[in-house]
Amino acid sequence: MAGKVKIFPFVSFMIPYIEAITPSSLFITACVIWSSGAVLTVVSDLTKLRLEDRWMTGLSIAGSLATIIGSIKSYTQTQAFGFSGFPNFGLAPLTCLTDSLSVPFTLLLGLVSLAAALATPSFTHTLATKSQHNHFFRLTFLMLSGILMVLLSANAIAFLVFWEVMSVAAASLITTDHIRHRAQRAAISYMTASRIATALFTAAFLWMQHLSGSFDFSAWHFNDPRALPAAIMLFLGAATKAGLWPMHVYLPQSYAEAPGPAAAILSGVVGKTAIYLLLRLLIQGNCESLPVIYLALALGTVSCVWGVLFALVERDLKRLLAFSSVENMGLIVVALALTMLARHHGLDMVMAIAVTGVLFHAFNHGLFKSLLMLGAASVERATHTRELSQLGGLAKRMPWTMLGFFVGAMSICAMPATNGFASKWLIYQAFFRLACDEAPLFDRAIALAMVGVLAFVGALALACYAKAIGIAFLGRPRSRQAQMPPESGIDNLAAAQILLSCLCILLGTSAGISLSALSPALNLLTQCSNDTGSFFPLAIGQLSLIGVFLTSAIYLIILGPKTKDIRTYITWDCGYGPLSARAEETGSSFSHPIGRIFSQILQLNVETEIQGKDRRHFPEAIRVETKMSPFIETKAYRRFLDVVNWLSLTLTRLQTGSIHVHLLYLFLTMIVLVLLGTTL
Amino acid sequence: MNEFGSLLFLPSIAAILSLVIQNPAVTRKFCALAAWIQLVIVLSMLSQILTGHVPNLPFVSGLAVDRLGACFIVLTTFVVASCLTHADYFFQAAANRGDEYSANRVKVFYASTNIFLMAMTTVFCCDSLGYLWIAIEATTLSSAPLVYFERNKYALEATWKYLIVCSVGIAFALLGTVFIFAASQRGDIQAATLNVSELIAGSKALNFPLLRLGFIFCLLGYGTKAGIFPLHTWLPDAHSEAPAPASAMLSGSLLNCALFGIWKVSTVILAANPTAPAFQLVSVLGTITVLAASLLIIRQHNLKRLWAYSSIENVGLMVFAIGLGSGPLFFLQAVNHSLAKVALFLLAGNIIQATGTKKLNKLHGLMENAPSWAAALALASLAVAGAPPFGAFVAEMSLLTLSLTDHRYILALTITIALAISFLGILSHTGKVIFGAGKPNFKHFAEKRAVAIPVLLILCSLVIGLAVDTATWMPGYDHKHISQTQRKVAEVSCR
Amino acid sequence: MTLDTFEALSVLSAILGILILGTTLLRTNLSFYRMHTLAIAAVTAWIAHITKEDHLYVVALGVFLIKVIFIPNFLNWVMKKVDVGSDKQAFIAAPLSMHLGALMLGLSFLLSKQIPGLVGGHDSHLGSTAAMSILFTGVLLMLTRRAALSQIVGFLVIENGIYLFAVTQTHGMPMLVEMGLLLEVLVGVMISGLLLFNIKKSFEHIDVSQLTELKD
Amino acid sequence: MESLLTDLNRQEWLRAGAFFFSLILMPPLTVGIIRKTKARFQNRIGAPIFQPFYDLTKLLKKDETISNHVSWIFRSAPSINLSLLFIVACLAPWTTLHPFGIPGDLFLLIYLLAFSRFFTVLSALDAGSAFGGFGASREVTLALLVEPAIMLSLASLGVTAGTSDLTTVFSFENVKLQSQTGLWFIAGCGLFLSSLVELSRMPADDPTTHLELTMVHEAMILENSATNLALAELTHFVKIVVLLGISSQCFLHSLPWVWHASEITRALASIGGVFFMAAFIAVIESVAVKLRWTKLPEFIAYSVAMSIFCVLIALSRGTN
């Protein structure tokens, strides 16, 4: 085994350059760069100034680089800084804290925003007017600085302020192409979900302030039973923002409607801020109350299975990715619940592995989900459609997007030698260790059951992404849009995808080394100081080297010499004559067998209609239609919205317009008030 | 009497002159200028009280300005000044659009606005409940012509309802004042009095059942004027039919006067018996108002009625602040609401003038037609809905923190839910107005000048949101752990 | 129980108030209102005589001049200009509302016993009974009548009820406050009269119950 | 890697040599045995046992024909699959001749198998033919149902042994597992049933059928020809050996005498076990009939039930 490498190799190379600058100044420069970009767009709106895309992407890249270096710098040096004077949010001044827990998340933000910035120029030419350009850049910068400050703020009020700024900026970013009503509806549903999350957070923060007397996160302890309602509200708020099962409804709409780079940032990083909050408060505040644990386990498991099932039968590429992030978020929350369960039973090793699994999977999911989103966005940019039934045969036309999407799919399905496998392996290992340790029987049963469920969900994810790649990229083009001219070389979008894919593969193969970078975060969260690198003993790096060597050996020795005399001919058509693209497997038929097995959950029903005189033997026209109604949206949310509408309808009926009725209200209230006042 | 006279001197001159001057352009410019000068006068006269050196400034026996009253006078004058400045643009835009308002209508508008300003200033100077009642009734009567400015059927109906419901409501407030006066007479204090300062001083000796009855009737009367939930029916009609500057003033300053009335009366009953169950009614009424208004906001079809209902919601929040017994918090919420709401009504006026319709489903694509208006509308609606960087967020969070220290968990939870509902209602309506395809027949007229005042107001709200630390700015307010009664007595005594 | 003269007068004003409810003819309403207010002015004068509060005399004179002479004449003039004779069918038939008014008198008699602090000292609870019943009459008038004019009369009756409370219980508010009240009532009636003209001009009727366009 | 270089004793190298020798010989031989037994059951002589070797060498010499819609995935899938299966064979505990005690982690193995399935499915979809798509969709559905069963049975073995590294679980020194004959046997049955479905043998899918609509595995390699087909077939043969090997190891561990037997007898027993399993499969294929596609989930339910039994045993025994 290669010797244990203590410091992340990348850091040791950079230290001489960035010794002098403190992480706080780097993060502040990132915020200043981004907000100056936003102000620049406002100025260009008011004046005739025409902003070149190059400058704005340059600004954005500078901001992300500052964030990346800042997070690396804060890896070695924890720093608490605040602004006593200017931004003072009434109840508490703006105090920030960069410690080892915020390192993975700020690094993720830096990397994903760098990739999104790289990809932006190839999207902005699809935006028609100058005002839309400025709108897009202004709100991206606002969202990015909002996310950064959310990750840094150390007290509840500052957190809420920047959380709201982030949510409002993200919601209005979704309506960049605001002429379409779908984009507006998506923004409203996104806004509703984030406002519900904010309301739950506000209630939880107020309760904790009531208990502890101050708004600072460090002063809050979640281990005393009085903090239980706050912990539950906090978890539900984070679940809404991360998009867990019952509150996932807004996720597919808003990720699908957002423009390319924005969708990458939204799906990659914004969901992770909720996980960061849970880590910061529940884990660091060592919460171990059983109701929260079992609620998290239940919601996480259901959203794992639910998300991937609906992703499998989804026909729109971006919605498919959104549903699959519901699954991954469920996975992270399940691992979080496992950490708290392990702490409750005092099993330190299981707790350490689970926390490392949560941190590493959140980081990895951010990377490969934004990679996939960029791939889907580049497909939408080229073919102007996201419907799988109209795509096909894009591999030859868009080789780089295909490669990026392929690496992203491999890592999301946790294929060995990718970062997805390393983090999912850690979560498997945590559950496995819990089953082995002497925990109560019920929890060991849950752990083993979870191993089975995760295997099931893994297989479903494999099916889902096999469909996504197979239908979208391979085979024959199914529509005229898909037959567009091939991409010319590597444009900046492809560069972004290549950057992210290399990161995924690098993290995957060097899992042992890159994991040891999480030791300080583990130490902060759970006070056990073993090196996280040791949790991943598999020699995954050597194995992938052997695998590559073997494949190339087989390819060169056996297939190589014979490549020149390969004959190309039509695909096997079983004698029916040259088949058109319609004979090809479509997205819905690929997932139909699985849909049929789970038809209760998916509400899948198939109508076949056969016309013709003798319908049984000589059908003239057959029409088959499969309909699938989303169970949660139609049953639960429709009813809830009807109740709210009915309530406000009855209230508006109160305003009858006739003055006599208004006077009657006055006198009735008088009588009621007098009675209440005097008798109380 | 001389300071009080000099306080009202300039508006009275402006009122008379605006009736005399024939050329409307001159009256417009002159009244706007007079209002800003009045603001300077007010600031100079009340500087001692504002900076806290002098507890209060007595004029005549019944009139005395305390710290809260002084702050409200400054706020009201600032609101009226900004509305009048915008009214200048409003009338020019109306002329440009074709239906020029006749000269004498404009004269009546400016005359009644100045009288309205005088009445509101006297409200905040009143120490005697009798004078307070007269001043509030004067504000109602002087604002009736403002509501009736458009002279069409709807304005007529709105004015009639406004006048009748408010007058009947305030009559009950008079009944309340009578009961309080009877309580002071029956109580064994040396001279029966209506002055709040003396009532507070001898509060323990007052005949409590009578005082409580009087407090309830005053709450009912001034509550009708403020627009508490079951009694709010006149408010949406009056605010949606009045012209934009007038409805801005109605929402921005008139509601504060009625709430100031409720605050004055509640200080008396607080002094008498801080834990009186009757006083709990106030915070419960406030919560009901916030919840009902936020539900009503969802189903609005008219732009100005939407903002009227959001005013009702903020009135509910202020009543809740009064129910908690915290004067400074009541003022913080009032400032943020007035700034944001005036900006919104002025913008609504611009939009209605440019598009010609008030219907929300016909308004869309403001971002295409007037990007600066769209940005201002977005920021202003965020400010009024309580989004963080703006002042309303600070006010609402301090309100909820204070209510939790007072162990009012159910009320705090209801208000958090109601605030979320109203935030979503307001933003979805504003989103529909801003986004979407542009309207073809959009009449542009001096787009940048129209948005000057609203942007100024939004900036003030932003400054309050970011730069003001509630602990230092308001000495009486301290959200650390102080028990309910001890804090109330502390606050009342600092008055 | 020996009725003090001011109690007798206030009960008389209460009864006159209930008579207003009796008819839908606006002209007779106004005349009953005039007599009812005259009785109240007399009560004020008599209380001034008993308690030797000389500022009450001035107030009684003010009430007499404004509320007994000026306002009814002004309303009659408005009625002539608007030429509306009677208040078409009210929500509740006029006689029935009168009986309701009488019932209210009985109810307010019972109520004034319960309300604490009103009864005390030398003034008996009859004064507060009369005031309360006038208040209820005013409320009934506003709730049941359709014509705008009778709504104004209803408002004035409520105003009288509250004024009577003030006089009988607290021997009159400070002088300046009383004068302020009278001035407010005067201006209020003038403005609503002005509005009445415009309603007639634009709606051709002054039936307030048809003004219902402004609703959600 | 240190263990490989330092204690370089003769016996270790001998075991490695035997392992690689059997890895090269056994896959085609096992398939040969299956075909031979099936032929004997239909009382015909049948092709010689070494026929698969001849087929592979024949295919390797032929020229390849591929569809014109094919991308790089189709061209590279067979070589990637073969190398993956070769790695799985080195890690998985399918024979006691496990070379140098290389630690083969349970989850790594299952996800390596999933990786090869991912590539096979994609190469099937690559040609854009209806049959490839059909086979891919069915393969994925079956895998979805089978994977939890395999995972749970191996995981319950690991839980009782206390480690997720299969090499130590299947090595005969593990005392806790010695007394678990019931657990070994049920795990063996569960794994055998799942491997029947995984290798698409008779009850799940008929390997010799020519009706594309009923095929699963064959439909996916419909487009391969010559060298591609040879590599695909070899990958499939290695997979057969590995999966049957693992289930036979489970059965071997359930026999108490094997725990005390010497190295040689264990090696011979494991090789014999694989061939016995192959013959057993041939018997099933001759006797049983192919199940309809919609009835297949019920068949897989048996293997899932077996794995649940293993889990219950693992949970109950774990408390001592």
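For clarity, chains are labelled A, B, C and D in written order, and residue numbers in each chain start from 1.
Keep in mind that, in the parts below, a contact is a pair of C-beta atoms (placed from the backbone, for glycine too) under 8 Å apart; a residue touches a chain by one contact, two chains touch by 3 or more.
Just so it is clear, the structure is predicted and the values come from calculations on it, not from any experiment.
Contact counts per chain pair peak at A-D. Note: centroid distance subunit A to subunit C, computed from Cα atoms, is 70 Å.
Averaging Cα coordinates per chain places subunit B and subunit C 32 Å apart. Computed from the mean C-alpha positions, the centre of subunit B lies at a distance of 79 Å from the centre of subunit D.
Inter-chain spacing, taken between the CA centroids of subunit A and subunit B, is 44 Å.
Among all residues of subunit B, those that touch two or more other chains are 160-161, 164, 168, 209, 213, 236, 296, 299.
Within subunit A, residues 652, 655, 659, 663 each touch two or more of the remaining chains.
The full set of touching chain pairs reads A-B, A-C, A-D, B-C. Put simply, subunit D touches subunit A in their complex at residues 1-2, 60, 63-69, 71-73, 75-76, 78-80, 82-84, 86-87, 103, 105, 107-108, 110-112, 114-115, 117-118, 121-122, 125-134, 136-138, 140-141, 143-145, 147-148, 150-152, 155-156, 158-159, 162-164, 212, 222-223, 226-228, 230-231, 293, 297, 307, 311, 314-315, 318-319. The residues of subunit A lying in touch with subunit C in their complex are 652, 655-660, 663-664, 667.
On the side of subunit A, the complex with subunit D involves touching residues 1, 392-393, 395-396, 402, 410, 413-416, 421, 425, 428-429, 432, 435-436, 438, 441, 444-445, 448-449, 451-453, 455-456, 458-460, 462-463, 466-467, 469-471, 473-476, 537-540, 542-543, 546-547, 550-551, 554-555, 558-559, 562, 565-574, 579, 581, 583-585, 589-594, 597. Here subunit A touches subunit B in the complex through residues 42, 45-46, 86-91, 93, 131, 135, 157, 160-165, 168, 172, 175, 178-179, 181, 183-184, 187-188, 191-192, 195-196, 198-199, 202-203, 206-207, 209-210, 213, 644-645, 647-649, 651-652, 654-655, 659, 661-663, 665-666, 668-670, 673-674, 676-678, 680, going by the rule given at the top. Of all residues in subunit C, those touching subunit A in their complex are 91, 139, 142-143, 151, 208-209, 211-216.
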